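There are structures below to look over.
Shared chain: subunit A. Partners: subunit B in the first complex, subunit C in the second.
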Partner chain A sequence: MSTGAFVLRRLGVSTLQLLALALAVFFLIRALPADPVARLVGQNPTPEAYASAKRSIGLDEPVTTQLGRYLGVASGSSGILQGDLGRSWVSGAPVGKEIRDALPITIELVTIAFALAFLLSVPIGMMCAVKPGGAADRSAFAYSLFAGSQPEFWWGLLFVYVFFSVLNVVPPPLGRLDPMLTPPPSVTGFITIDSILAGRWDALADGLQHLALPVLTKVFVLSGPIIKMVRQNMVRVLQSDFVLYARAAGLPPTRIARYALRSALAPAIALFGALYGYILGGAVVIETIFSLGGIGQYAVRSILSFDYPAIQATILVITAISLFVYLLLDIVHAVVDPRVTH
Partner chain B sequence: MTTSPDTALRSPAVAPALALGPAATQRIRLRRALRGNPMLAIGSALVALSVALMIVGPWLAPFDPQSVVGVPSTPPPAALDWPRLVWTSLTGAARPPHWFGTDASGMDVFSRVVAAPRTDVAIALTATVSSFALGVALGLVAGYFRNPATELLMRASDLVQSFPVFISGMILVALAGRNVGNIVVALALLYAPIYLRLTRAEVLSQRHRGYVEAARALGNREIVVAFRHVLPNALAPAIIQSSVTIGFAILMTAGLSFVGAGVRPPTPEWGLMIAVGANDIVQGEWWPSVFPGLAISLTVFGYAAFGNGLERVYGR
Partner chain C sequence: MRGWVGRVVGGGLALGAVAGTPAVAQQQSVLFLAEDVPTSLNYDGPAASIGTTQTGFINLMEPMVYYPYAGTGEDGVRLLDFTRYEGRLVERWEYDAASLTWTMHLRRGVRSCAGNEFTAEDVLYTFARAKSVSGKAPVAWFLANVGGVKGFTRDVFKDPEAKKLGDEVTKVDDYTVRITQSAPNAFLLMAMTIYGMAPFDSKEMKAHAKPDDPWSHDYVNTENVPAFGPYCLERWVKDDEFVVKANPNYYRGKPAVERVVMKKIPQSANRLVTLRSGRAQLTQRLTAKEFASLRNTSGVKVVGVYGNETLFLAPNWKVPPFDNVKLRQAMAYAVNYGQAADIGYAGAAKRWESHIPSSFPGYARPDQQYAYDPEKAKALLAEAGYPGGKGLEAFADQFKLAYTAERESYLGPIAAVIQTSLKAVGFPVVLDPIPQTQIGDRRLVKKDLPLSISDTDKASAISGAYQLMVFYISNGAGAIINTSNYANPEVDGLFAKIKAETDQTKQTEMLKAVQDILQRDLAIIPILETKTQYATSAKLSGVTWHADNSIRFFDLSLVP
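Up next is the complex of A and B:
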C-alpha cells in the first residue's frame, strides 16, 4: 500500500469514527435524566414559561427531528455536516465561535507542556537505559512511577502556594493575560504567536509568565510516563542485534546512541499521539485552577449548565483533534518506518 | 520491569522451599517477593492503609467530619507542640486539637481526611471490581467466540475508548445526578474497555494451546471450556491492571468533585476538600487543601507501586 492510500484509508476510518461518536453523544446526553429546561428557567417556573423555554431550545420536538437538525440533513437547517455546531443555550452565541476562542489557549498550553516534557524526558530515559539497574535508573524509575500517579490539580495548587503566595515570582492564577493589559490583535488566536507577530513583547512576557505554572504542573505529571516509555524501548533496542553489530564494528557510542534512539522512538510515536489526545481531554482541571479560559473550562461550564449543543461540540472537537494528531503521527511513523504501511 | 523480572521467584535460593508444604512455600515466596521488590512492599503498605481507613476511618475521626466543630480557618498546631498534644489527647487530659486545622467553614480537616476513604477508596474499589467483571467477561467472549456479534462489541469498545475520559466522566455524572452510585457506574463503564482489550488479547494467545484442545476433546461444551479453562489462564494482565485502575479511579473521583461534577458537600471527600481549600491557598491558608492532597498523592502512588510490584512478580 502506498503512503497516499494509507492516509486516505485512515482519514475515512477517522471520519466514520467521528460520526459514530457524534451520534453516541447525541443520544447519550438525551438518555440521561437531566432537565436542561429547568436549568434555563430557574426555580418554580409557571408551566407556560417552562413550555416556552422548552420550545425555544427545540426540546419539544421528537428526537428524530432534533437529530436531523443537529446533523444538518433536515431541509432549511445547517448542522455538523455543514460545519455548523449550533448555538449555545446559555449564551446564545454560536458554539463554533466560542470554541474557536477557547481552543487555541488549550492547544498552546498542551503543546508547550508536551514539547518540554518530551525534551526533558528523552535524555533522562536514554540515560537510564544505558545502565539499567544503576542508581540513575532506579531514581528515575521511582520518579516516573510517582509523577505518573499524582493529582495534578493538587500540584498546581501547591505550585501556586509556593511560587505566588510565598515567593511571589509569578502572577496570580487568574487568567491567560493580565486583565490590565490589552491583548495583542488576534491573528492565530495563540497569544504567544500573536504577540510575536504584533511585536508586543510586553504581552509575550506576561503571557509566558501566566503559562509558567500550568506548564510546570503538566510537565511534572507528564514526564513520568514518557521517561518510562523511552527507557523501556531504549533498553530493548540496545539489546538488539544491530546495536551489537554496530558495537562490534567499533562505531563511536554517540553514533550508536543516535541510531538506537531513532528505532526506540519510532514505535513510541503512536503512543505519543494517544498521550496528546489524553492530555487535551484532561486539560480540564489545570485550566480550572489557573482560570485560563480554554476548552477544558468551556467543557466544565457547558456540562454543569446542561448546554447540550456546547457539550456535543466540545466532545466532537476534542476527539477530532486527537484523531488528527494521531493520524499525523501515524503518517510520520509510516515515513520513518516504511514497514507500517505493509 | 527494571532489570530482569521475576528473579525473586526463580532464583535457586527458592528451590529448597519447594520441598516444604504449599502454605510454607507461599509464605517464603511472599517474603522473597517483598524483599527483592521494595516498590511492592511500599505499595502493599499504602494499599493496606487505604483499605483499613475505608473500613474504620470514620470511627477514628475525633470530630464529626460533616459538621462545623471549631473556629473557621484555625491553623494546625505547631510541630513542636505535637508530642505534648498527642500525649494529652491520648490520656484524655484535654480535648484533641484540630491536628490539620479547620477549613473556611470550621470543619475539622483531620477528621475529614481520615473519613474520606469511605467515599474515595470505596468508590474506586467498587468501580474497579465492576469494570473488571464486565470487561473480563466480555473480553473472554470476544476473544474466544469470534463472530460478527463480537466484532460489533469490539467496535463499540473502540467507540467508548475514543471518548475523552475525564470529560465523559463529567457528562455521565453531572447529567445522571451527582451521587456516589452514578460515579461508580460512570467509572465502571469508562474503564471496562481496558479490561476487555487486555483479556481478549490474552485469550487470543491461549485459545490454540494444547490444554484448550484437550478440554474440548473431553467433550466439554464451548462455554465451559471458555469460562472454566481459558479464563483462569487469561486473568493475569487484568489483575495487574486493576491496581492501576483503582489509583486512576481515585484521581478521577477527586478530580470530578474538584471541578464541581462529583459528590456534593459536605461529604468528606479529598477532591472536594481541595476544591474548598483552593480559594484560601492564595491567601496563604495552605492546610485545608494540602492535607487531603497529600492523602490522594500517597494513596494513588501506593496503588501504582503495588501494581508495578505485581507486574514484576508475574514476570511481565
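Up next is the complex of A and C:
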C-alpha cells in the first residue's frame, strides 16, 4: 500500500470515528439525570416560563428532530455538517467562537510542554540506556519515581508556592498575560505567535514568563514516563542482533546509536500520540491552577452547566485533534518503519 | 530576585534578554480577582443568576431607584439604608393611590457610554423588553410582576398580544413616565432597585437588533450592554477577563478608580497569594480560613458584614417523616451550631435566630429558640414517635443530606458537623453531595429533595417582606425558592396584607407575627448567619455591601 492510500484509509476511518462519537455524545448527555432548562430559566419559573425556555433551546422537540438539527440535515437547519457547532446555552455566544478562543491556550501549553519534554527526555533516556545501572540511569530512575509519585496539581501548587510565593522569580498564576497588560491583537489566538506578528515584544516576554510554570509542571510530570520508555527501548535495541552485527562490523558508536534510536523511537511515537490526546483532554487541572482559560476549563464549565451544544462541540473538537495527531504520528511511524504500510 | 533568576526561570523558555516587568498602566487601576468573569451581560439571559455575571452588568448599568449610604459597619464595610429610597435615573416620584399610578420624573442630562441622553424612551423600551419575555430567564418581567405593574402577568407566556407593552407604562413627556399597578403593592420601588430593572440605552440597543432577535439578546449576551452606568466596557474575554473603564459622562461624577480589571482566577489559594503579594487589590469568595489567614497580613485588610448570607437545613414538608413538626424541632435542637460556625466559617458566623436575617428591616427575634440541646432533641424525637431514632431506618433515602458537590470544600465540613450532630441523637443521616445542575433542578424546580443544606440562597432585596415571599409563602401563592415546600395559609394571608401595606410600622408588626409562626413550625431550620467578606489591598477603601453581594466599582477609591 502506498503512503497516500494509507493516509486516505486512515482519514476515512477517522471520519467514521468522529461521526460515531458525535452520535454517542448526543444521546449520552441526554440520558444524564439533569435538566438543563432549570438552570437556564433561573429560580421559581412559572410553568409557562419553563416551557418558554425549553422551547427556546429546542428541547421541546422530539430527539430525532434535535439530532437532525445538530447534524444539520433537518430542513432549514445548520449543524456540524455545515461546520456550525451551535450557540452556547449559558453564554448565548457561538460555540465555535468560544472554542477558537480557548483552544489555542491549551494547544500552546501542551505542544510546548510536549516538545520540551521530548527534547529533554530522549537524550536522557539514551544516556541511561548506554550504561544501565550507571549514575545517569540511577538518577533518572529516582527522578521518574519522584515526579510520578505525586499528582500533577500538587506539583503545580508546589511550584507556585516555591517559585512565586517564596522566590518570587515568576509572575503570579494569573493566566497567559499580566492582567494589566493590553494583549496583542488576536490573529491566531496563540499569544506567542500573535505577539511576534504584532511586534509586541513586551507581551511575548510576559507571555513566556506566564507560561513558564505551567510548562515546567507539565514537563516535570511528562518526562518521567518518556525517559523510561526511551531507555527501555534503547536497552532492548542495543542488545539486538543488528546492533551486535554493526559493532562487529566496526561501525562508529555514533552511527550505531543513530540506528538504535530509529528503532527505539517507533514505540515512543505511539506513546507520544496517546499522551498528547490524554493531556489535551485532561489539561483542566493545569489550566485551573494557573488560571489559563483553555479548552479544559471550557469543557468542565460546559459539563457542569449541562450546556449541550458546548459539550458536544468540545468533545468533538478534542477528539478531532487527537485523531489528527494520531494520523500525523501514523504517517511519521510509516516513514520511520516502512513495514507499517505493508 | 526577579533579575537574572527571573530571566532564567520565568523567561527561560526564550527571550531571556527581553524578559522583565512589562509596561503596564497601573495608575488608578484596580485588579479584581474573581472566581469567574461575566458569562453574559444580559440580566434576562441564562447566566443572570450567577454572581460574577451580575457583577458585570451591574457596573455597566444604573438603577432607576436605589438606597442611600448609611455609614460604615463595625467590620469596615460601608452599608446602605434599606428602609429609604433615593432617586437615581428616576430623580423623584409621586404616587396616586386612587389610580394606582406612579409618576416618575427622570433625571435630565444623564448620558450613556455611547453619549445618548437618558429619556422616557429608554424606560419604555426597558419595560417593553421585559414584557416580551424574549430572554431565557425572564428576570425583568418577574420583577415588574413582583412590583404589581399592570399587565405583567403570566398571560405573557401564553398570549402573544399580552407580550406587548400597553398603557401600563406611558410617556408623559421626554422626562416623565407613568407606571400603573394592578393592585395596591408596596414592592414596586424595591423591585426597581434590583439590577433586573435597570434601563438600557434604547438607541444603541435598537441599533444592534436583528430580525430574528429584535430585543438584541445576542448582542448583550456576547458583546456589550449599552446603558447609563458608571463604567463602560473596554475588553471582555469570556472565561478570562472583563475590563471596564470609567464612564466620563456618568451623572454622579467620574468614578475614582479609572479602570478595573476583573480577572478569572478559579483557585481561591491563587487569589490569596496574589493579593498577599500586592499585585491585586481586591478579591471575594475565599474560604473562611483563607480570610482568617489574611486578617494579620500587612498590606491587606479583610472587611465583612452580616448581610443576607445564611446557612440553613431544609427538610421537605411534603416528604415523611419531615412533615412531623416535633421531629423537625428535634433536629433543630440536635444541631451543634457553635461547631458548625467554627469549623465551617472560622468563626465568621453567628446563630441565625429567626427565619429572616437580622440585618433586614422587619427582623424580629422570636421567643421560641432552639439552642443546641441533644437531650431535649432526644426527648422530642421520642415524642415524635421515634425513640432513639427507632423506626427512622425505614426512611433511609429521606435522610440523605444533599448539598452542592462543587462546594465540597465549603459545605463538606459543615455537612459533616450536621451529620455527626444528628446521628448522635438518632437520625440516620448520610451525606449526599450532588452536582450543581442536579441540585438546582431538584431544589428549585422539582422541589423533591428530602433533606438539603444550602448557603447560597438569598433574597436579592433587603426586606423582611421580600424574604417572606422568596422562601416561606406557599409555592401556590408564588414563593420563589421555598425548597422545603412549607405551606401555611395563615402565613400566606399575612403576606398578602404585608404586600399591600405601605405603613412600615404595621408591616413590621405583621412580620413579627409571621416570624413567630415560622419559628414554631420551622419552615426551614435556620442554622447560621454568615459574614459576607472581602479581602482588599490596604490602599483600597469604599467596599460597600449591596443586596446582590456584587461589588460596585464606583464605591471604591484607591490611595496612590
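Criterion: the second predicted complex is superposed on the first by the 335 of 342 C-alpha atoms of A that agree within 3 Å, B and C clash if a C-alpha of one lies under 4 Å from a C-alpha of the other, contacts with A are read in each partner's own complex, and residues count from 1 in each chain.
Please note the rule applied: a contact is a pair of C-beta atoms (placed from the backbone, for glycine too) under 8 Å apart; a residue touches a chain by one contact, two chains touch by 3 or more.
Since this is a predicted model, take the numbers as computed values, not measurements.
In the model built by aligning both structures on subunit A, subunit B clashes with subunit C. Once the two complexes are laid over each other on the shared chain, residue contacts for A:335 go to neither subunit B nor subunit C. Once the two complexes are overlaid on the shared chain, A:165 sits against subunit B and subunit C alike. In the superposition on chain A, no contact is made by A:5 with either subunit B or subunit C. In the superposed model, A:33 makes contact with both subunit B and subunit C.
Taking subunit B and subunit C in turn and counting the residues of subunit A each one touches, the greater count comes from C. When the shared chain is aligned, no partner comes close enough to touch A:73: not subunit B, not subunit C.
In the superposed model, A:17 makes contact with subunit B only, not with subunit C. In the superposition on chain A, A:304 contacts both subunit B and subunit C. Shared-chain residue A:81: touches no atom of subunit B or subunit C.
When the two structures are aligned on the shared chain, A:137 is found in touch with subunit B, with no touch to subunit C. Mapped onto the common chain A, subunit B and subunit C collide along 275-283, the only clashing stretch among 221-229, 239-247, 275-283 or 293-301. In the superposition on chain A, the residues of subunit A contacted by subunit B and by subunit C overlap at 33-34, 157, 160-161, 164-165, 172-173, 288-289, 304, 306. Across the interface of their complex, subunit A is touched by residues 1-3, 39, 158-159, 162-168, 170-172, 174-177, 247, 251, 254-255, 258-261, 271, 274, 277-278, 281-284, 286, 289-290, 293, 296-297, 300-301, 303-305, 308 of subunit B. Subunit C meets subunit A in the complex at residues 1-2, 5-6, 8-15, 18-20, 22-26, 29, 31, 33, 39-40, 42, 45-49, 133, 136-139, 142, 154, 156-158, 217-218, 221-222, 235, 237-241, 261, 263-267, 269-270, 273-274, 276-277, 279-280, 406, 435-438, 440-441, 444-445, 478-481.
The residues of subunit A lying in touch with subunit B in their complex are 17, 20-21, 24, 28-29, 32-34, 132-133, 137-138, 141-142, 145-146, 148-151, 153-155, 157-158, 160-161, 164-166, 172-173, 232, 277-278, 280-282, 284-285, 288-289, 299-300, 303-304, 306, 311, 314-315, 318-319, 322-323. On subunit A, the positions that touch subunit C within their shared complex are 33-36, 38-46, 48-53, 56-57, 89-93, 98, 101-102, 112, 116, 157, 160-161, 163-165, 167-175, 178-182, 201-206, 208-209, 211-212, 215, 288-289, 291, 293, 297-298, 301, 304-306.
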